[in-house]
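Could you have a look at this structure, given as structure tokens, before my questions?
Each chain carries a letter (A, B and C) given by its place in the written order, and its residues are counted from 1.
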Amino acid sequence: MPRMTEAAASIRKRHGSPMSLVGPDHPAADAGKTLEVRDLDHTYSVNGKTTQALKDIAFDVSAGRFLSIVGPSGCGKSSLLMMLAGLLTPSEGVIAVGGRPLTKPDPTRVGVVFQDASLFPWLTARRNVEFPLFLRGVDKALRREKAEEALALVGLERFADSLPHELSGGMKQRVSIARGLVQDPPILLMDEPFAALDEQTRITMGDELLRIWEKARKTIVFVTHGLSEAIYLSDEVLVLSGRPGRILDRVVIDLPRPRSLDMMAQPRFAELREAIWHMIKA
Amino acid sequence: MATRDAVLGYGAAGAVFLALWEAAPRLGWVDERLLPPFSDVAAALGAMAATATFWQQVQLTLLETLTAFAIALPLGALLGVLVQESRLASLIFKPLIFFVFSIPKSIFLPIFILILGIAFWQKVAFGVFSTVFIVMMTTFSAVESVREDQLRVARSLDASTMQKILFVYLPSMTPVLLEAVRVAMIFNFTGILLAEMYASREGIGNAIGVWGLGFQIKELLAMVLFVSVLAIGFNEAIRYVEAKCEHWRN
Amino acid sequence: MAYDQSVTQVPRGRDASAGMSLETKARICRYAIIAAVIAAWEIVPRLGLVPRLFLPSLSSTLAVLAAQSGDFAIQMLVTLQEVAMALVFACGFGILFGLWVGSTLTVRKALLPVVSALFAVPLVVLYPLFTAWFGIGSASKVVFASVYGLLPTVLGTAAGAQTIDRQLTQAARSMGATRLQQILWVTLPASVPTVLASFRLGGALVIVGVVVAEMMMSSAGIGFLLSKYRTQLNSPGVFAAIILILALAIGFDLAVQAIERRWTAGGGRNKAARRPADMS
């Protein structure tokens, strides 16, 4: 795919400096680009009234990075995620995963975790996780094995036979993560996955997600409107403007890993938070 | 927006329906004796409307319907409020009322005839019986629809009982009460017509039954048309008021 | 106004003194009322407080039921056959149509107001038309009961289909489900509670429809028997027939409820669709 390589090069050129903080000296710069988004525009019309939702969106994400997308509500960050999932076709532009364009949902390349977990209430946790494999006609024994692996990864092997309504909000999201990862895609997209959880569960789930991420070595693109959450979890934060959503900046979170809650009290955390907050507010 | 869609919907559906009704017998798709074309039926209705008998029948049926309604509505509402008001009464009677509500009422009609004969009051009594449970059920939800948080606000503002009734209870309950009137009327009208069709010497229901036996399909359809227009007219009038209420509520 | 107390205040003192919860007391009261009604049914006619024509005693009713059981069974079988056929038409067609209307926005907008308006028409007036068209045999009953059960089934299903979580379809899509897979494995299972609720409502109406049609004009069926006993002024026969019809209606309802419970226990949701039917 020479065209995409060119595209990636042009992205790097355009965002090399000062927009992007991923310079050549950054350790991630040499890793393969898992996700590339080029010249993406999106407009939609309701009752004949045309609205521009996203404008000039271009970025890439290196393998194994944790990228958050933040922005004011209505900036189109969820739409952007739906496009990355292949669920929504952008008016203009190309999305490529692993060097190949993505035009429709492909769970072997991109797993998705939705805001409300979206588990099928009539299926057990295991059957929910098996579902994407079932759709592809994978045989039963392999399905079961894969699902159990994924459930073990999120620490829910003991709840494999529980139905969604028997699980807590946090557990449901973990099943949903397992479902997203069951086909071992390089990328996991998460659309405000913890928004419906209470504060305490949200923090625990954040740590849990980081643990899963370290272990599974996935690229995560995480949409949220919580700035602290974004900074706490991510390597980089993509900041979008209000409608039409444009990329205002890409902020590298240079806090050391593993992250811990006391980092939130550090001056660097406050600085980063302040900087992003200023961009969004403006 | 919604109203325009609704009007368009009605218009289109009504036009298609009438066109089919007119065309089917005219083009010989169905036997004209079994389904006379719409224009013939409308003409028959016009001719019927010129007779005194027609209006006597209509008047009797409407009188029965309205009498039953005038009894069932306040009775059901009163019983509903009384039961809902007391926790013990709710616990005792609600399951019973739910049960009676869910069983078919029409099959009790022969008992009404055994006891009351086939006179005016038998029809009214059956109408009340068919209606009163749905009114009670709707009253339960009307009282329940009064929101606790709004009441708390009113209490914290030291509202008087009158103010609470006027500004909290009534506005909350109006849509549900209107719904009660609307749905109760459907049950009520059906009950009265059924009673008239089942055993009676007069009234709309009786006339329809007699025409059915005598294969006077034109007259029968004319009366069905009249009854439908009456029922839909009442129903839509109440729905219009309901929609208006939604407006000022929001 | 006494409402505000009813919601918040529970007369705890009296409860404690009685040593049982209000719920238990209420249940005892309720059983007492039911027992009293049954006892009154037996005693009041026996004491001659009410003419036996108006209210035959429970024992005489049951005696007729036992004595004529063969007759009742034959007629019940006719009714059951008609109910079964009408169920296929009303619920089969009604549920499919309702799912289509409910899940298609444009159709819903155009048709729903029309369907709800038609809901107001007292459909009993159509029965004489059907007997003129189809005779007084089973066909007119099946047609009438199908029509009688159809609209509420359509409305109920359409309302339920609207509440099917679009997120679930989207999730399935994100996993690469084809359109057919979405319908088979997501839309269908998600609409089971709605379908069951509509089946329950439609079925209740179909039973009423068949019986009422039989009562009005027919030569067979349990409703026919009911009317025959009435014209013979055979009150115990009338009451016995009513008991049988009630048993049929309640039996059907309990059976569908049991299926519904199994499903909800199996994780189904959609509580809105399980509220008591608003017509029967």
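We adopt the following convention: contacts are C-beta pairs under 8 Å (C-beta built on N, C-alpha and C of every residue); 3 or more make two chains touch, one makes a residue touch a chain.
Treat the numbers as computed from the prediction; the structure is a model and nothing was measured.
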item: Identity of the chain that, by mean CA position, is farthest from subunit A; value: B
item: Middle chain, criterion being Cα centroid separation; value: C
item: Inter-centroid spacing, subunit C versus subunit B (mean Cα positions, whole Å); value: 19
item: Rounded Å distance between subunit A and subunit B, as computed from the means of their C-alpha atoms; value: 55
item: Centre distance in Å when subunit A and subunit C are each reduced to the mean of their C-alpha atoms; value: 49
item: Contact set on subunit B toward subunit C in their complex; value: 5-6, 8-10, 12-13, 34, 84-88, 91-93, 95-96, 98, 101-104, 106-111, 113-115, 134, 137, 143, 146, 148, 151, 155, 161, 164-165, 169, 182-183, 185-187, 189-190, 193-194, 197-198, 204-205, 208-209, 211-213, 215, 217, 220-221, 223-224, 227-228, 231-232, 234-236, 239
item: Residues on subunit C engaged by subunit A in the complex (per definition of touch); value: 165, 167-168, 170-178, 181, 185-186, 189-190, 192, 263, 266-269
item: Residues of subunit C touching subunit B in the complex; value: 1-4, 6-8, 10-11, 22-23, 25-27, 29-30, 33-34, 53-54, 109-114, 116-129, 131-133, 204, 207-208, 211-212, 215-217, 223, 226-227, 229-230, 233, 235, 238-239, 241-242, 245-246, 249-250, 253, 276-280
item: List of subunit A residues in touch with subunit C within their complex; value: 85-87, 104-107, 110, 112, 114, 116, 118, 120-123, 131-132, 134-136, 163-165, 179
